[in-house]
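There are two complexes below, and they share chain A, which is joined by chain B in the first and by chain C in the second.
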Partner chain A sequence: MTTQAQRARPLGPRLLAKINLPGVTFLIVLFAVWEAADRAGLIDLMFLPRPSEILSAGATLIAQNAFLPTVGHTVSVTLTGWAIASCSGLMIGFALGMSRRVWVYSMSTIELFRALPSVVLLPIAVLVFGFSVQMELVLVIVSAQWPVMVSAVDGVRLVPQGLRDTATTLRLGRLETARKIILPAALPKVLVGLRLSLALSLILTVAAEMLGNPAGMGNALVEAQEALQADQMFFYFLSIGLLGVLLNAAFVFLARLIAPGHHLRFAEAGS
Partner chain B sequence: MTTTAFRPATRANRAVGPDGPQIGSRPPLRGLLPFVALLVLWQLFGTDDSTFFPRPSTWLPAVVEFAESGELATALAGTAVTFTVGLLLATAIGVVLGVVVGSVRFVDRMLNPFLEFVRAMPSSAQVPIFVLILGFTESMKLTVVVLTAMFPVLLSTRSGMREMNPVLLDVARTLHLSRYDRIRKIVVPSLFSSILTGVRIATPVVLIVTLIVEILTQVPGLGGSLSLAQQYYQTSLAYGLIVITTVVALGVNIAIGLIDERLFRHRRR
Partner chain C sequence: MSEITVDPVTPATDAIFSCRNLAIEFGHGAHRRRILQDVNFDVHQGEFLALLGTSGVGKTTLLRILGGLLAPSEGTQIHFDGAPIDGPPRGVIMVFQDYASSLLTWRTVGRNVALGIENSLSKAEVAQRTREVLDMVGLGDRIDDYPAQLSGGMQQRLQLARALAMRPRVLLMDEPFGALDAMTKANLQDELLRIQRRTGTTVVFITHDIEEAVYVSSRVIVLSGSPGRILLERDVDLPSPRNQVTTKEHPEYLRLRHEIYDAVSDHVNS
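After this line comes the complex of A and B, so read on.
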């Protein structure tokens, strides 16, 4: 009965109850103390703006219509790169996980390339592709596929033998086995990999924009820094952080829709 | 599974947790075939003076020249110092915060949104902020590295605190241990393996973030040299430095694997 009563409660109070009050209070107090300390002259760092200055700089940027196109660029590059990287990572990962021969003859190469910290490819990408969107995308795709690929390999290899036997008994073909048996069983691990590579995609997009392609939030951040516009710079900085939080939250939301049974383990794996 | 028999099966079963490090069976060296084929084809069909893809054989002379000028040693030292100090600081701060957050639930709830926000902040975006505040200095490099790399340690320590057997704390109370003794004799030993797990996850992060900062700001270090090589179109040197970085990264990975194996096997037997 109680559960029914809980379900009958309107959405508003339920959302309110979910809000982390102490946490929100802490953030507000943090910014208030920062503002007050700066006004009282307690903080004397030359390039640390007050929260109010950051907000007004942000309002100006939005009013000048300079902010949203920048965000759009970064988000589209991040998501496009991530989507392509996920597809290629999944396909290669499944091939490696399902075929013993493919694994034996290429896994070490994969491990070698994966050990290479992906940012070191940034200078090479700038050299080869110049200051372009292609450079950003290539960097994101090449680097963000590793987490997906590795988690797919692990997920596939950890599928219980019983399920594989079921596929054999049902005489499923390779593709059908992959689609109906392996993919659902490997999904929780794959989702963790997808989440990692989404975060990585954003990091690399921002890095690529800072050093290479003159567009997007990374570039805006560096331009504000070079112009010593600390308030604008902090506004972009906080926006990038917020973007990271939002992308992650959106992913977790979708992942729970796709794999509802696994959400607990999934949440633990990330947090 | 024939080629992986040198590792006991029990370890392979244990190795892959929901978010644990992937210590599956080691792939055989035959798997390097595609990589070797790539290098051979590159060497056969590439040219020495290509701006983008100089032949592999030109990489070594470029690196040797760079090393003879003494710059390679400076670069390696720069990266090594940041890596070591960064890892130590990230571990220390992560453990302290993890213990605090893990022992007081209210503090955990209070700091959670703040920490989540800092954690979601791409490390590349932090660079300009700290460049403006701290300048192109070693402390700037360290701040970004520590802010990013302390989270694996923090989270792992926190879950270690939560999973700690409450009976152990009762024992401390019964024995009237002082707060210091309780932490030294009960808390730290029982947290040891959680902390170690966090450090293991943090170690590659420290290396990667160190390189990110160096590449973006061109401060002395492997990443800085790489970024400069790109700017001066010294492509052979850039490829050579990438090879060196990969070797360093592989070395770090192997070291973690060995330390981990020794400590955990010892604890598990």
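After this line comes the complex of A and C, so read on.
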């Protein structure tokens, strides 16, 4: 087992060791080819800037203190919405998974609302809450709670019969069984749901900013496009992608810290 | 030796378990099927009872009824210590065939053993009892490992240790060694017999292996047919402690093996 050895090493080298060097190299080469092809005149599109132009536009935005506030807004809405969606999704999901009656009564309602594409909610949210942060949050919360809820329901319902029989034969009480057997056994599935919800939260935050609330990175991207600032637009485009990667990496890192034993394998499979 | 040693009507008073007219059905409507019928037997203090039968005959179902995990059909009289069974009886612990899915993979070996006792005993008592039963099954040095770090045989030892930590009066074992290779199986049979001699625990042991049934038990009950009934019941008078070589060369072992084999194949072919 490598876990003990990994724990003994300091954090910095451990994070460096996790970076996929060949993969990152390939990405850099791809950008270099793009740059070279543009300079050699092989690509001639009016609104496709070179990577170097995108980077210098980004440097200017950062120097003008225009970039970081948009990141702060998008990150805080994403994380707040995700946290609230996770709490409500987990509570509803566990209740549905553990009680047959709750499940039977609420399935039709859940199936209907889950089938709605998230974007359909956007005009409704704008109408009810106006162009505000509340509107962004509501959109994120309503949509991002589904993966958590579904994974919590599945996690609870798919606990192996052997574990349930074990709880019975060892005479564990109902609460003790839920706390010591059902919830830990459901944790790997729940972590997958939380991770999907986090990605979905960022997507919906950016969408709400592009089409609704005039704030954050999504709005900045649209404004750059409307001002025909292609280099700035691409800078926001790439930054949003990078933000998604970082949020996911942070989640996997935290999941490893809280989930011992076999749950480690979940994080390894995904990174 | 008589064919049926229990009176099919009166519950025994001196037995730990007493089953009369045991029957059970599964399914609904047209798919309803009787799994067991007219099963009458007792389990006595300190004995090692093997329940033998082909797969699908209802052995596991019978064991789950004894363990209080399944309710039998109406009309069944099943008693533990003279009282009707309603849920898992106190002091009766099951050991399942599928050890992998009955261990808590997120708990260490020691914390798996503690699962059944950590609520009722003090920390010091839990630690002491955990060490005691892990030593008993030969896992004393693996207390801080996770189940995934153990071999299949060790995982089954761990499940046995977790059951022993409850200080059970009766162990109900559902083909506990069925998924293990022959050498591991032989080792675990001998260790189980040693532990049983030391603790005096009553064991009800399910197997589909005639040789295993005769080797480990002091009494064999053979189930057969559909719905399953008791086909044969035999006391096993073999010297103890058993030995993988000499016991299996003993004339009585060979005779019982022969007799049970004939009875089972006659019944299947008829």
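Quick notes
Simple rule for what comes next: the second predicted complex is superposed on the first by the 220 of 271 C-alpha atoms of A that agree within 3 Å, B and C clash if a C-alpha of one lies under 4 Å from a C-alpha of the other, contacts with A are read in each partner's own complex, and residues count from 1 in each chain.
In this section, contacts are C-beta pairs under 8 Å (C-beta built on N, C-alpha and C of every residue); 3 or more make two chains touch, one makes a residue touch a chain.
A quick note: this is a predicted structure, and the numbers were derived from the prediction, not measured.
Residue contacts after overlaying the shared chain place A:108 against chain B, while chain C stays out of touching range. Put chain B and chain C next to each other and count what each touches on chain A; the higher total goes to B. Of the two partner chains placed around the shared chain by superposition, chain B is the only one that A:24 touches, whereas chain C remains out of contact. Touch criterion met: A:230 reaches chain B, while chain C stays clear of it. Legend: residue contacts after superposition of the two complexes on their common chain; A:206 is shown touching chain B, with no touch to chain C. Of the two partner chains, chain B is the only one touched by A:123; chain C is not.
When both complexes are overlaid on chain A, the residue A:172 reaches chain C alone and has no touch with chain B.
Those residues of chain C that touch chain A in the complex are listed here as 67-69, 88, 90, 92-94, 96, 98, 100-102, 104-107, 115-116, 119, 146, 148-149, 162, 166.
Here chain B touches chain A in the complex through residues 3, 16, 18-19, 22, 24, 27-35, 51-53, 106, 109-114, 116-118, 120-129, 131-133, 155, 204, 207-208, 211-212, 215-216, 223, 226-227, 229-230, 233, 235, 238-239, 241-242, 245-246, 249-250, 253, going by the rule given at the top.
On the side of chain A, the complex with chain C involves touching residues 1, 160-163, 165-166, 168-172, 176, 180-181, 184-185, 187, 259-263.
On chain A, the positions that touch chain B within their shared complex are 20, 22-27, 30, 45, 47-48, 103-113, 115-124, 126-128, 150, 154, 157-158, 188, 192, 199, 202-204, 206-207, 210-211, 217-218, 221-222, 224-225, 228, 230, 233-234, 236-237, 240-242, 244-245, 248, 265, 268-271.
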